[in-house]
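Dropping the structures in below, format is structure tokens.
The following pair of complexes shares a single chain, chain A, combined with chain B in the former and chain C in the latter.
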Partner chain A sequence: MAREMRLSARKALAIMLLVALVVASMSLAGCKKDEGTTVSDDETAGKTETIKIGVETALTGPLPDYGYAAQVGCELAVEDFSGFTIGDTTYEIELVVLDDKAEPTEAAIVAQTMVDEGVVGVIGGLTTGATLAAMPIYAENRIPQISGSVTGPKANETDFDTFYRTCWNDGVQGEALSVWAQELGAKKVVLMDDNGAYAVGLADVTENSLKAAGVETLRQNCQSGDKDLSAQVANIKEFGADVVIFTGYHPEAGLLRKQMVEAGMSDVQFMGGDGIKSAEFVAEAGGNANAEGCYATFGGFPEAQQPGYTAFAAKYLEKTGDEVGPYAQNNYDALGALVAAIKKAGSTDTEKIIEALQTLEYEGVTGTFTFASATSGAVTRGDIVVTGLTPANVPRYVVKDGAWIAVE
Partner chain B sequence: MSLDHIVTVTIGGLTVGMIYALVALGYTMVYGVLEFINFAHGEVFTVGGYVAAFTLFALGVSDQMSTVAIIGSLLLALVLSMAVPAALGLLVERVAYRPLRGRSRIMPLLSAIGVSIVLQQLIIIVFGPTPITMPTLGISSASVSILGARIRVLALVIITVSVVLMAGLTYLVKATRIGKAMRATSQDMEAAEMMGIETNQTIAFTFVVGSALAGIGGLLVIMYYGSLKFDAGFLYGLKAFTAAVLGGIGNIPGAVVGALVLGLTETYGVSMDLGFLAWFVVAGLLMGLYVQLVLAPKKRLQHISDDRRTPGYERSIANIYRLAPYLAVRTLVVERTDALRSVSARHAVRLMLGNLFLVVTAAVLFANGSSRIDTRWQPVIAFVVLMVILMFRPSGILGKHITEKV
Partner chain C sequence: MGLSRMLQTLRSITERVPRRVWAVAGFSLAAIFPLFNVLGFMPTAWLRVGVVSLVFVMLSLGLNVVMGEAGLLNLGYIAFFAVGAYTTALLSSPKFGLRWPFWALLVLSALLAMVAGLLIGLPTLRLRGDYLAIVTLAFGEIVRLTITNLQPLTNGPNGVTGIYPPRLLSQGAIDSLQASGWSEALLKWLVIDKPIEYYYLVFVFVVITAFLISNLKNSRVGRAWNALREDELAAVSSGITAARAKLLSVVLSAGVAGLAGSVYAYYSNVISPESFLFMQSVIVVCMVVLGGMGSIPGVIIGAIVLQALPQVIRESAGAMRSEFEVYRMLIFGLLIVAMVIFRPEGLLPDKLWRQEVHEVDPRELEKTRQSLFDVEEGHQDLEA
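Moving on, here comes the complex of A and B:
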């Protein structure tokens, strides 16, 4: 009897909890709906209109930290830029944040939802693969899209005039590595990647650029996690390379450098992209002596050189209690640039915003930039073009006394 | 293809192969005794490497110390990197495998995977997720010149140490009392128990020896490559397990042979030009011709009773394998011998097609003699070689044909 009682009591509790949950979720959904339809009129300062800006990010899936940082970047931008005026109309920004899980299929659904919501522009997506699936939908519906983190060199191969980005294309680093290697007098260059999408893309750009300049190249690769690179080192030695460029990450780069030095090739120049510019590289290469004089480029101006970074980091810390997450400032700039384009167009008509973006010059946290109007070399249409930046002056670093320091 | 390149790549392949062998021995010994795959073995190897690096750091080893002190601390690291994994192996066997003995085969397997995850997490908890690195020592980068190639002293040390350890292990298994007990347990555990052998102790001893060997492997790896990550054991375990299967699982010399074949395939496959690799195909072709012209006819004749084994019959079988059909048919018809000919004819054609394939392969390789395989193909090549070997020798290179226990 007692046991039955207890069971039924438990059952009742369970049902009560369930009902509470349903009610709560319904009321929450209701709240959201109300928010969505609010259009207020403020008599004192002319008209007030609410415009919707979409944020396509990936809050679940493999990169939640990147997705969260992008969202925070956009929210900070809304706090700063919302309530701008054109003529006598004040525009309030409402964000529509949707999660594409970094998956192409989800991204297509998200893009369609954005269109249905009637956004004037979209910030995102987060990853190259997912963004590729969403781009045609935005282009077809003439919605401008600015991504703060899609670095894949081939992101805009289809040449959409609706796609823009405020982060550097990996190809810029590839060109920079090629230029630098040629400055070092390279005649024979070995390019090595780790079979990952990032490393292969970067190595492809560098290799093509070197070949176009008449430098002899050899392509090698390893798997991420490999320990023994003696076969590759033997190939590099036989090829007689004077520069080796590793486009992957530091664990394999360190091992490669170490095994090259041990095979008697310490005089061969060693270079890499931002994947090797880590303090770990020095230890993994077997200490200061081995790593001394290794070179790396970096895919963005260092934070100290970004004009608005200190102020942005303070705001970010105040909002989240955390250090700035990856690409947060690029997303902040993306939204800022979109608002600037709307102001410049003097209208919320998306066709006019797209037109304005093509000639916009914007002063953001990461620097003053414009967007490329056409694809040329590694730079594709819609890429960020930072004033004064050429492949020859992409930030360069060298290992000295066991630490990476900027090359003057 | 210069000589020094060949020497460099060969020594590189042997070094990698010897390290695989040290780990593979643990897999194969445990399989030999218990017929189960100890998936936690790769992590035991990692622990060995971490203990070695940690000991050297704790002792503050550097080139400024005297030679005696350096050798002394290396010896201490060696002892600890054997003792800790050995104790770990013993503990794992006692806690995770012994309670499940005699149950269904799948249970210890799952337990092994669980142990492997636990050990990996423990390494992260104790040492952190960043790779552990070795203090820089002069000897770890010292090198000598052999036939114009620059070879690291440590590579030679790894090869020598491994050979000595394997010789010692062979002696242990073949010539000592405990080795006899191991062989008996592996042959039939119940019968061995009835003969008064302490099978539980013997099995525990097997784990201790296998884990200590893997621990030395970890020490050698961290000295050679300078760094080790917490998940390194997974890849090494996988490769060593493959080597053990390739050589014939349960067979100790087989594990070594399999590991060397795997190590050399990995390095030769991508760093030798095709002209050099063609000679391996030529060697295979010679073996194939030997099988077709000498071995196969001889084997076929073994099944024939003495009274039918006339010189004419022998000639006809030999002619079929030589693919001289006219001669074969004539002798078969004239001498009126039996129906075996159709079977052997098919066999002969199959062998010949195999040899023709090798001829074509060799010709293609020689024709592109100076080019080299893209490094991206490395895992594919290793897999193809593995499959080809297992196709011809399903129970491994040195594996014996398994008969059911009665």
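Moving on, here comes the complex of A and C:
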């Protein structure tokens, strides 16, 4: 009897302790949470409001260099665009930078945290897998999301009207490759990818576009890091291709070109996307002679042709002491476009911002652009549409005397 | 000195509370956890952390069967999780235009994962220790690479998107209930699409899994696993069929992972190979080891701590959060290292494991050993 009494007292004590612990930790976590915007009266005529903009990036995980560059791009944009006015209200931007580790599970938690924080918009995510997991949560909570680095053609397959991107959709480059191959008189085209998301997406779009134009195609693939592609080369030879399009990166592209030349196929045209447009490609293909006449397209304007790039690079250098990191200027434009949409909407209501984004024309570092309002061909809803840049006139390059030069 | 005495006292107090009381307290706490969100004390992100934690509790409970109980190191456990997740994703998404019933897919996902467990278990269970670890590691990678490259079926790296939310009853049944005057607010709970609904769904599965596995642990099969883990030769000579007992543990744990995978696919709405990296297998192993191998409350706590800790670290940075974010995983790693140094036996260890790690009176160790393998007495002793 006494024993039972003691136990129940302890039981009560234990439960009380546990509950106290949880309540304490919850309130610790909860006290930080506050309303999205804070209003304060200024001494001068207008009011000052602080709005929160989320940056979903990957500071840890497989691509921290990309994640850091995206964060710096956004911070530079805040330095330039914070303190804009609508009516007599001045808006200050506060960034909420969260790390999704490039991991889908964490991305969903990050997206929910952004929603809880009451952000008016999110820049990100960084990688395709993580972005796919976060998109439904932003869409459900009606928060506009602009990614500066997700290039996968199928990123917005679900057709969310909250998703926008300021980087080039790989699919558009695929159509460009298809157009160019046909200009070269291609009848039989081999498409080869390295089984990675980027290469497969690009090859899919190119293949569909070529097939639609009545060109006969054969699909091959390899693994990134392969050291021998003779099986694929034999298949290409047997197929009798007149154009080979490799959609992956330069190490395998160079090897493929080298082994094709060794197999006596130096007269077969060789093309690729921006993954092969690297100085190393020439050496990997076995020298100037092998690489001569290989073609490459580029995703969007190359940096030298981007109107605001020089100024941006100077700012980036000043802030970090480094050269511009990957997609930094695209993230800068993403935040710039979001601010422009807020100004256009004349409100921080997210529904109105989404509406404004659909018709926004924005003059950014990478060019003047709008967002596609509907999916058509390789372009999906929310994709960047750069003025003066269509699949037929994306920048083209050819190897001449061991260097990539622009095709006029 | 003072601290260690305090801990000693605390332990002697907590140990006198029966484990059943702890279990009831823990589960009731987990059951009321979402209410903090409903009442507005807690951001919704914590609910998502809760759902994911519970999914990983299921995974840890499953892995604990092979690793903690049967002593077989499995470094490719996440593959079974992937099989379950992809089974559900493909049969309940616009990918093939199918929407199989929720309950059927739960069972099918678990069954297919069990078949995968059988396939990997049959040829490899003769291997021991490091060799088994290497083979399972390879199996995990094979499954992930197959998913990545089998593009016509799985969409490869682009993942399967738009997985339909689970309906607890068929649409027809829901419609007829509505026709017969059931309120819409009530019927909304039959379609699981909010974090809080997912939380309770997974919670129910966790309770069932924990109950079944803890019964199994104390059953004849459980004793056989423990005997095999401690000394295979002695166990076999006492009449245990090693191959069958081991295979059972592998298949069973695969089934639990398949079930968890199915629920996870529904919850996350999107499945891509990036969720099934080798690192995820390692994390589940860490949950089991840090929680306390072979101890059911231990692995539950281990899974919750490891899954929730990154968010706890994030939120504890308060206003400095954005600047702090870059150090978050570093601190997470340091905390894990600290845990391993200070509690090598795990957070809530199995009695036997703890005594193997720390120095104890040999007589006490012997007593525990005897009680463990003596079915008559052992049960009570472990409870106390």
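Note that in this section the second predicted complex is superposed on the first by the 367 of 408 C-alpha atoms of A that agree within 3 Å, B and C clash if a C-alpha of one lies under 4 Å from a C-alpha of the other, contacts with A are read in each partner's own complex, and residues count from 1 in each chain.
Going forward, a residue touches a chain if its C-beta (ideal position, glycine included) is under 8 Å from a C-beta of that chain, and two chains touch if they have at least 3 such contacts.
Everything numeric in this text was worked out from a predicted model, so none of it was measured.
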Could you look at A:G254 and tell me whether it touches chain B, chain C, both or neither (first, second, both, neither)? first
Partner chain in contact with A:C222 - chain B first, chain C second, else both or neither: first
Is A:S230 touching anything from chain B or chain C once the two structures are fitted on A? First, second, both or neither. first
So, does A:E262 touch the first partner chain B, the second partner chain C, both, or neither? first
Per-residue contact with chain A, leading partner among chain C and chain B: C
I'd like to know which partner A:N195 touches here: chain B for first, chain C for second, both or neither. both
Contacts on chain A seen with chain B and repeated with chain C across the two complexes: 195
Chain B-facing residues of chain A, complex: 195, 219-223, 225, 227-228, 230-232, 234-235, 237-238, 251, 254-255, 258-259, 261-264, 280, 283-284, 286-287, 289
Which bits of chain A are touching chain C when the two form their complex? 7, 10-11, 14-15, 18-19, 22-23, 25-30, 32-33, 55, 59-60, 95-99, 101-106, 108-109, 112-113, 115-116, 127-130, 132-133, 135-136, 152, 154, 157-158, 195-197, 200-201
Sort out for me which residues of chain B touch chain A in the complex. 2, 5, 8-9, 12-13, 15-16, 130-131, 133-134, 136, 140-141, 143, 150, 152, 221, 225-227, 229, 231-232, 235, 266-271, 372, 374-376, 378-379
Within the complex, which stretch of chain C touches chain A? 13-14, 16-18, 21-22, 25-26, 28-29, 33, 36, 41-49, 52, 148-149, 151, 155-159, 161-162, 195, 268-270, 272-275, 310-312, 314-316, 318-319, 321-322, 325-326, 328-329
